[in-house]
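First chain A sits with chain B, and in the next complex the same chain sits with chain C.
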Partner chain A sequence: MSADKKRLSLGSIVRRPETGSVIGLVAVFLFFAIFGQITFLSAAGAASWLNVAATIGIVALPVGLLMIAGELDISIGSMIPASSMIFAISSGYFELPIGVGIAAALCFGLLVGFINGYLTLRTGVHSLIVTLGTLFAVAGLTLTMSVALTGTTSVAVQSPPFIKATMGDFINGIYQVTIFWWMLWAIVLGFVLHFSPIGNWILALGGDKESARNAGIPTQRLTIGLFALSSFSAAFVGVNQAILFNSAQVSAGMSYIFNTIVCVVVGGVLLTGGYGTVVGIVLGTMTFSIVNQGIYFTSFNANLASLIIGVLTLAAVVMNNSFRQMALTYAPKKAEKKAEKAE
Partner chain B sequence: MSDNSKPPVLELRNVDKSFGPVEVLHDISLKVREGEVLCLLGDNGAGKSTLIKTLSGVYEPTRGSILLDGQPVRFARPKDAQNRGISTVHQFGGTFPLMSIGRSFFVGVEPTKKFGPLKVFDRKKANEIAVSAVQEFGITRIDDGDRLIGGLSGGERQSLAIARAVHFGARVLILDEPTAALGVKEAAHVLRIVLEARRRGLAVIFITHQVMHALTVGDHFAVLIRGALAADFRKGEKTREEITDLMAGGEAMAELEQEIQAYLDESPETEPVQNRPASSEEAV
Partner chain C sequence: MRMKNLVAAATLAAGSFVAAAHMAVAADIALISGKPDDTFFQPVKKGVDDARTVVELTGGTVNYMQLVNYDNLGPDAANLIRTAVGQGVDGLVIADWVPDSMDVAIKEAIAAGVTVMLYNSGNIEKANELGAINYVGSDEYQAGLGAGVYFTDLGYKNILCVNHVPGSFPLETRCNGVLEAAKAAGAASEQLPLPPTQADNAASVAQAIKAALLTDPSIDAILTLNPAVADWAASGIMQAGKTNSVAFGSFDMNEAGLNRIKDGTQLFAIDQQPYLQSFLAVTLLNSYLEYGLTLPTMPVLTGPGIVDASNIDATLAGVQNGAR
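Up next, the complex of A and B:
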């Protein structure tokens, strides 16, 4: 019986989609702890990658849920600057109340998400293509509107102390408050995916859309909701960045597209859907950010970071694949069955 | 066994189903009664899956009506049919390879427990019910609800999908080619499940391409040929040969079938179909 318990726990480890990402995180952390100077392990070192992780993580979480549901969203790359600009133009350039600017930016996020979801359902075209379309459309719209309205591509905005403190400030001078928003987001979405019935629907939707629909899941509402969530989160990050830096630029966000996908995939989410965890996405985001920032604490050429991220992504995917295979073939009573047969 | 004075549980009246200009079902009228197995037969592409999708709320009929207990009903989505006690295992589907047994079993009808003000998925309960539901059907190898579906054999997956349908199917159980991918023993299990469901008073609609399976469990047979109802008869009204010919879909096939039959079988059986025991290989 005790042997059986042990097997079960091994099984439950192997079955967790984030097992690979734990290994990846430990590996890169040790790598930079060894090769980085002592500052990597200091509070400032931790802050440098945590700040990056938080900003990417807020978008990577809903993008990960979408991927688990079998969809992709790359329009976040232009959603982030678009919402920054909407906020800065409303509350900075036109000096509207701060709440109006924030609300306008977030509502635009919801709207674009709704359009992404609706078009994906309506046209049957893969969401990669649909969101590629909205990526360009939103980018073009942002540039045109900001030049037309303000005559520039960079707008300053000052936020009142309360907004600054809750949305875009540093704690102890080094940690962005965004880190708390990221944690909150991880808890909320972790609850949704793993503990609420909706999480089961998301897994089913990504596993087999047809069967999910036949099982009575409101697949259309769910798809639109998830797209709205990811665009909303991107808009939130855009507003957050504008508050933090007291300004917004038209061209800041394209790097988020690939960065979020790397975080999610390193975190053990299956690109084709149906498999993944929130803990995995969080770990993947941390791994990515450690490599992204840790390189500056080493004596290596900073350009090597991309190489490491590339290799890491491939390694993580291969490792996650083999863990998934083990999870599938894992049967707790195998040894017992064999013993029975031998008798 | 069935009570003809009561209205049929489920009835189709002059149902047509078209996809754009393509008419897949033409003027179908059918009745299914409590405690009765309706075998839906027909060649590939005859429209069997389309017919049962119409009954389970996946498609709405283009024309005609569906009656439940004699009352017209409209199923706008699969959930509507489920809520009325119609439970379906679709061809090639129903399970999710990368989900656990417990989670997959309860997709769309998740059991929840209270956690403070929140409702959380009750994993323990889901696993227990799922495991005991499959074990009831003789698949005792499945004993851990956390196992992933993708690690099960085809037969185990199919049994799980059927156990799920039986668990939630209060009144009508619809199985689309449940024995297609199964070995002899697993197919026998499925047939036993069908008979058990009938004994419990459910109406069962059973699609198969195998004459033996149809004859073993069917009380009532309906044959579709190119979307139209070509024959609708009760057990004992037609010979096995006639049924085989009908299942093959047409006259030209019937001759070929007979040739093969004559070639294989020295003394072709001509007496009307009898109520056969539920397959001999399962008797242990």
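Up next, the complex of A and C:
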């Protein structure tokens, strides 16, 4: 990034995709620090929104990458409970080794992701519709198989200490280890998007699919890979939830669809693709989680959380649009032009 | 051909009219149930499946109709009632979840000659008002009261009632029951509403409950109204570091909940025995339609039963069979 080469002007900051999300994050944090009780600022208060941010964040990151590439994946809503159930039924109900359950769940994630990507490419139908189809198909399959195999829609599962410690434990009894997985996801995907050629491919793909293909970018493999990544991440969260709460349900997860999209949009990613950063998505996820959980530390009615999130999303979209306009219409002054070219 | 059938049908109808309802009519019964992925309704379905054997013995049928989701509960359920009536059922087993939108449809069904049995949600006053023959189920208010009394008898002073569908009449009624029990014992009770945008997000619900415990340290008892929410609440209580100091009870149960009762981290579960609700409702309605039999017991209460350390082993056996 060349921000340090040229002088850090107000304009150059404002044009970055994550500016809006920083403003949003600071605003909601201050809001709840003032209106929330002192416990909001305590370690347990921080854990409260960090834990939620981590589980949503692991899915929001690859969904964000997909959106940057101009696609959408809503099948994650049924992928999370599906993988939970696959894991719980394998390792809990049938008492297979824990590794088998985890592997089966994650492989199913990859498979669904592959199907999403393949169908999107083959049919030319928008991925919203394709993944809408897999959303319902996977949900129906999960339900049918769960009832057929176990006779119930909720299965208990106990994990051995090692798996519990790495996947579903609490540090100091309050911080989910999922937070570290989220950090790992963010670092790896941040590297991929911003420091590897694949990142440029993703941005190019979202900017203009035709040109990207003509430029020799392997758009097909890239698209399938991104879908596989988001389904895999959703499957990971599903397994993680089952380990964490010692139980899996057929229905838990539909709220992730909209929640991840909100996180990504608040994080400054453009729905139409070609614009966004990993830092932005992380910040957007934190903002979302602070609003969602912060409300419980205030005396306000919890039902207001949805209202705040709605307003915040709209504000983010409007802000992002104007920042993007600034970025697109910006013509550097002569002195800055050289630095820009070096980029 | 068509005319012939019509005449035959008319003769048959007239014949059965003369013979009143005491001739076997091979009753076609429909039962309207919750959404397929709602854990609570699995035993309901098993109850229907078992009752079907009895109904089929007398030549009748049972149609198990399900809601797709709860996003538009009242109108959707009302439409299912109208669908069933349109299919020409003789008897209808229905839960009155949202009286404002469903009562009209139920009255229409009765006016169209369908015999209605209320189950799961409602009470006998409602059944009488609508013209349903009976109510089979738990009394939500009594159940909430029972849960509240369980806590206050043990000396707990501030009960948090976690409502995962704010605005749902049965759930509000449960929390009101808890509140009344608390008041009577000089204790306090409040509701924690979970917005629909996060009511199915495990981490989010767990954190909401933890936050409530941290911001109000006087809360010493928690009641959840659904087995999945109970799983997440257990984690929230643990994260607040209050597994040993906060008493925890839930409506309904799943395997994980029963395990908690067994190992002592959950105090009790309120059991309304959903299997019995559908099984009894269908078989009673069938007996009425086939033989004109009625029970003097009104309502037929299937709950509240309480599962705690004292009867956990027998309950676990029922869960294995899918009946609980």
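As a working rule, the second predicted complex is superposed on the first by the 322 of 343 C-alpha atoms of A that agree within 3 Å, B and C clash if a C-alpha of one lies under 4 Å from a C-alpha of the other, contacts with A are read in each partner's own complex, and residues count from 1 in each chain.
Keep this in mind: contacts are C-beta pairs under 8 Å (C-beta built on N, C-alpha and C of every residue); 3 or more make two chains touch, one makes a residue touch a chain.
The model shown is predicted, which means the values in this text are computed figures rather than measured ones.
*Asks:* Evaluate whether chain B and chain C can sit on chain A together after superposition, giving fit or clash.
*Replies:* On the shared chain A, the partners fit.
*Asks:* Contact-wise, after the overlay, does A:Ala327 reach chain B, chain C, both or neither (first, second, both, neither)?
*Replies:* first
*Asks:* Scan A:Phe191 for contacts with chain B and chain C and give back first, second, both or neither.
*Replies:* Touch status of A:Phe191: first partner only.
*Asks:* I'd like to know which partner A:Ala47 touches here: chain B for first, chain C for second, both or neither.
*Replies:* In the superposition, A:Ala47 contacts chain C only.
*Asks:* Thinking of the overlay built on chain A, is A:Ile224 touched by chain B (first), by chain C (second), by both, or by neither?
*Replies:* neither
*Asks:* For A:Arg213 in the superposed arrangement: first (chain B), second (chain C), both or neither?
*Replies:* first
*Asks:* Looking at chain A, does chain C or chain B touch more of its residues?
*Replies:* Between chain B and chain C, the winner on chain A residue contacts is C.
*Asks:* Pick one for A:Thr39: touches chain B only (first), chain C only (second), both, or neither.
*Replies:* Only chain C is touched by A:Thr39; chain B is not.
*Asks:* Please indicate which partner A:Thr152 is in contact with in the superposed arrangement: first for chain B, second for chain C, both, or neither.
*Replies:* second
*Asks:* To be precise, I mean the smallest distance between any C-alpha of chain B and any C-alpha of chain C in the superposed model; what is it in Å?
*Replies:* Minimum over all C-alpha pairs of chain B and chain C: 32 Å.
*Asks:* For chain A, which residues count as touching chain C in their complex?
*Replies:* These residues of chain A touch chain C: 37, 39, 42, 44-45, 47-49, 51-52, 54-56, 139, 143, 147, 151-156, 170, 173-174, 176, 178, 241, 244-247, 249-256, 258-259, 292-293, 296-297, 301-303, 305-306, 309.
*Asks:* For the complex, give me every residue of chain C touching chain A.
*Replies:* Within the complex, chain C touches chain A at residues 35-39, 42, 46, 166, 192-204, 206-208, 210-212, 214-215, 227-228, 231-232, 234-235, 238-241, 254-256, 259, 319, 321-322.
*Asks:* Please name which positions on chain A make contact with chain B in the complex.
*Replies:* That would be residues 8, 11-12, 15, 191, 194-197, 199-201, 203-204, 207-208, 210-218, 270, 274-275, 324, 327-333 of chain A.
*Asks:* Which residues of chain B touch chain A in their complex?
*Replies:* Residues in contact with chain A: 56, 58, 77-79, 82, 88, 90, 93-99, 103-104, 106-110, 112, 115, 118-121, 141, 143-144, 146-148, 150-151.
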